[in-house]
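One chain, chain A, appears in both complexes that follow, with chain B as partner in the first and chain C in the second.
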Partner chain A sequence: MRRPGVLASTWVLFRKDLLLEWRSRARINALVFFSLATLLLFSFALGPDTALLRRGAGGYLWLALLLSSVLALGESFRVERENSSLEGLRLVPVDTRAIFLAKGIANALLLAALGLLLVPVLVALLDVRIVLPWERLLTIIGLGCLAIAAPGTLYGAIASHARARDVLLPLLLFPILIPALVAAAKGTALVFEGDPMGQLPSWIALLGGFDIIYWGLGVVLFPRVIEE
Partner chain B sequence: MELAPAFQLHEVSKRFGARWALVRLSLTVPRGAAVLLTGHNGSGKTTLLRILATAVRPSSGRVDVLGLDAAREPDTVRAQVGLLSHAHYVYEDLSGLENMVVLTRLLGEPRATAATGMERLGLDPRDDRPVRTYSAGMRRRLALARLFLKQPAVALLDEPFVELDPTGVSELEARIRELRAAGTTLVLATHHIEQGLQLCTDRLHLDQGRSIAA
Partner chain C sequence: MRRGLEIAAVVAIACIFAYAAWVGLVWAPPDREMGDVQRIMYAHVPMVQMMLLAGTINFVASVLYLFRASWKTDAIAEASAELALVFGAIGTTLGAIWGRPTWGVYWAWDPRLTTVAILLVAYAGYMALRRFVDDPERRAVWAAVTAIIIAVDVPIIYFSVKWWKSLHQVQSNPRTVDPQMVHALRWNISAFFLVFIVFLIARYRIALAARMRETTVPEAVQGTRQVVAS
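And now, the complex of A and B:
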């Protein structure tokens, strides 16, 4: 029979990654509690000034997502290290771009679900109001999570070969993500506080541009990264 | 037109840090041959198999598999080569059948071949326990089922009898004979030399990464 192309292989691997996430629900629970604890710690650290907490809510959301992403990304490659499954995929052979796309999209989806879960917590905890339409917030969360997932998946693959992988991943990832983090936090803050100057489209465009660049780079570089 | 040999190695060396696993190894294996690969622990058997499977690249030298340059066309080579490795290439949190179904879909094979492939290796496809709960022998059988599902033109078996019970060994020997009858080129690395000699026609002995007369 004819072997599947990149998109069909991506679909097969994406479903496999989601199934693995579902089977390891204890890890998802840990991720949720970690992100909730991070949000709580921010609010405790800044004290009872609710106006200050509300102003920083967009930033806290994205910092919680960023810190959680390190756990999620590391975990997504741990299952591939067990029994050398990633090597097994290479030897099938699977188009390595499909491995990147499947894992990247699955990571983005997991982070986006986490982001959506954290928004009501922000509303309850920090008395945040969502001033602009919900679709804007969904767009920012979607684009922001794609922005974390693309370089995160690429660097997760690099770090998975290293002994100090848990330290290496954030060291590689965080500096790269600064523009995306700023755009996502600013955009989210505008959704929470209103956008009288019409700045939101610019931040969304910046996030979109970041996504295009890093997903493109990931597709090109990932095959080189996972070959010896 | 004469077919290219199954393998041709030209002065192949492989170094891991300061240690040489293979040293300027040259050999030719014709198609359909069955080669028993022997040698002490650390003699380079696994490295040689992994280089032939394109899992690792040699530090120097050239490897041709079925007439293809393995460095230039690794995916074409991989499509025709099956490696049974010490790692089983399976996902611990999926069941045996789920692991096999992922592979059938990636190979473009019908889904039903996943269950058939498991049954041929004595595994029950209705067993929905995750692989994490499998015994060592069951994992080995699943890894073998994965290999046979691929129907490779070249099968590289690294210690295939390890962890199998006597029934599993007999079944595997029967599968290996089927492969040979179908014209598959076979390289079998094992410490069980008598058993290997019954299945193979040629022997290659490695000592500290060098080929020596067996």
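And now, the complex of A and C:
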């Protein structure tokens, strides 16, 4: 029997992850309410100064996504660990890199959906205006969520097998993600407030570079992470 | 014999270190603008350099481990990560103490400062990972993967912070360096380097011994003597 290619297996595994997600919908529900609560908390922590809140909106969006991502990533490997599904996946003659790609893309998609959901909330809650074209915001959310998902999936796989995994994942992930957080928050703020200096392309390029580097590293290193 | 040589080497290094401290604290002239505060530089610069050296060793050892698994490279990686954390933390603290009278603030969002601070947090995570994984082989692989991810991040952090800061005025720090100061700095860098090597070897031995204890068959099975461990 011919071994299926990486892309074909990635597609099958990706659909499996989405199907699991869709059947329970528990994770996405929890994430939506968690991120909404986070956004509300930012507003209360900073006081009812609308101008101040609006200026920080880009940062709050990405902090809410970052905090939610820890829950999402932890959960994404908990389901694999619970019934030793990951062992099962490894027994199937499938390229392990496909597991990384499928999980990573599924996580990025979930986070991006969450990000898109939070934007109207920001508009309503913090009186944010989207000054630049919509596509720019979509690009930043897409690239930013891919940036969280690549090292996040790698570390999720590691942390899910360690002791104190809930502590370990953010401890490993947050410092690494700081460049992506800076770029994404800054880019989003520019979309909200206008970009007279033309800085947006360089932030998008930084996010893109981060994505290329960490998706590449993930594909190379992930097989070593889950090997026995 | 070997033990005696080692003790002699450590004593010699301690003497060199004491001499370098004297050169930096007494012999070198005080700075015209900053006065004696500038003398912090003789400890601050070497320590941060040793942190960078430790980070490089950590990265190289981790890559080597992934290519060819060996407890030795794993032990070097563990030792160097811990040294990076220690030297980086003390070096950064010294920098902050120097910054208060010179810049007027303990902390500035300067790209170099910020990169080092993020790096320290990242290495703290790395050390936590090592504590939280019980299986030594998995721990070694995962730590190596983490070390590579951290090392790759360093230039990206630097550039992102640099761009992020570019809206503000970056603090300039012009320094005309007296030859005597260069001399003092060179002595101190050498002294700290020697201390670093001693620490590295000592920590490497501890790490390797710990790994051997974890991986060898329990001594009770071999029938020699009972292992008293909880």
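The definition used in the following text is that the second predicted complex is superposed on the first by the 227 of 228 C-alpha atoms of A that agree within 3 Å, B and C clash if a C-alpha of one lies under 4 Å from a C-alpha of the other, contacts with A are read in each partner's own complex, and residues count from 1 in each chain.
Keep in mind that, in the parts below, a contact is a pair of C-beta atoms (placed from the backbone, for glycine too) under 8 Å apart; a residue touches a chain by one contact, two chains touch by 3 or more.
Please read these numbers as outputs of a predicted model, since none were measured by experiment.
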> Following superposition onto chain A, is the placement of chain B relative to chain C best described as a clash or a fit?
Replying inline: fit
>> Under the stated touch criterion, which partner chain does A:97 make contact with: chain B (first), chain C (second), both, or neither?
In response: neither
>> Once chain A of both complexes is superposed, is A:27 in touch with chain B (first), chain C (second), both, or neither?
In response: neither
> Between chain B (first) and chain C (second), which, if any, makes contact with A:78: first, second, both or neither?
Replying inline: neither
> Thinking of the overlay built on chain A, is A:3 touched by chain B (first), by chain C (second), by both, or by neither?
Replying inline: first
>> Which partner chains sit in contact with A:55 here, chain B, chain C, both or neither? Use first/second/both/neither.
In response: neither
> Touch check for A:162: first (chain B), second (chain C), both, or neither?
Replying inline: second
> Hey, in the superposed model, what angle do you get at chain A between chain B and chain C, Cα centres, nearest 10 degrees?
Replying inline: 90
> If you take every C-alpha pair with one atom in chain B and one in chain C, what is the shortest distance in Å after superposing?
Replying inline: 5
>> Quick check on the output: what are the common chain A residues between the chain B footprint and the chain C footprint?
In response: 227
> What residues of chain C sit close enough to touch chain A in their complex?
Replying inline: 66, 118-119, 121-122, 124-126, 128-129, 132-134, 138, 141-142, 145-146, 148-150, 152-153, 156-157, 159-161, 163-164
>> Applying the document's contact rule, which stretches of chain A touch chain B when the two form their complex?
In response: 1-4, 9, 12-13, 16, 19-20, 23-24, 79, 82-85, 87-95, 227-228
> Which residues, counting only chain B, touch chain A once they are in their complex?
Replying inline: 53-57, 74-75, 78-79, 81, 83, 85, 87-94, 98, 102-103, 105-110, 130, 146, 150
> Which residues of chain A touch chain C in the complex?
Replying inline: 151, 154-155, 158, 161-165, 167-168, 171-172, 174-176, 178-179, 182-183, 186, 202-203, 206, 209-210, 213-214, 217, 221, 224-225, 227
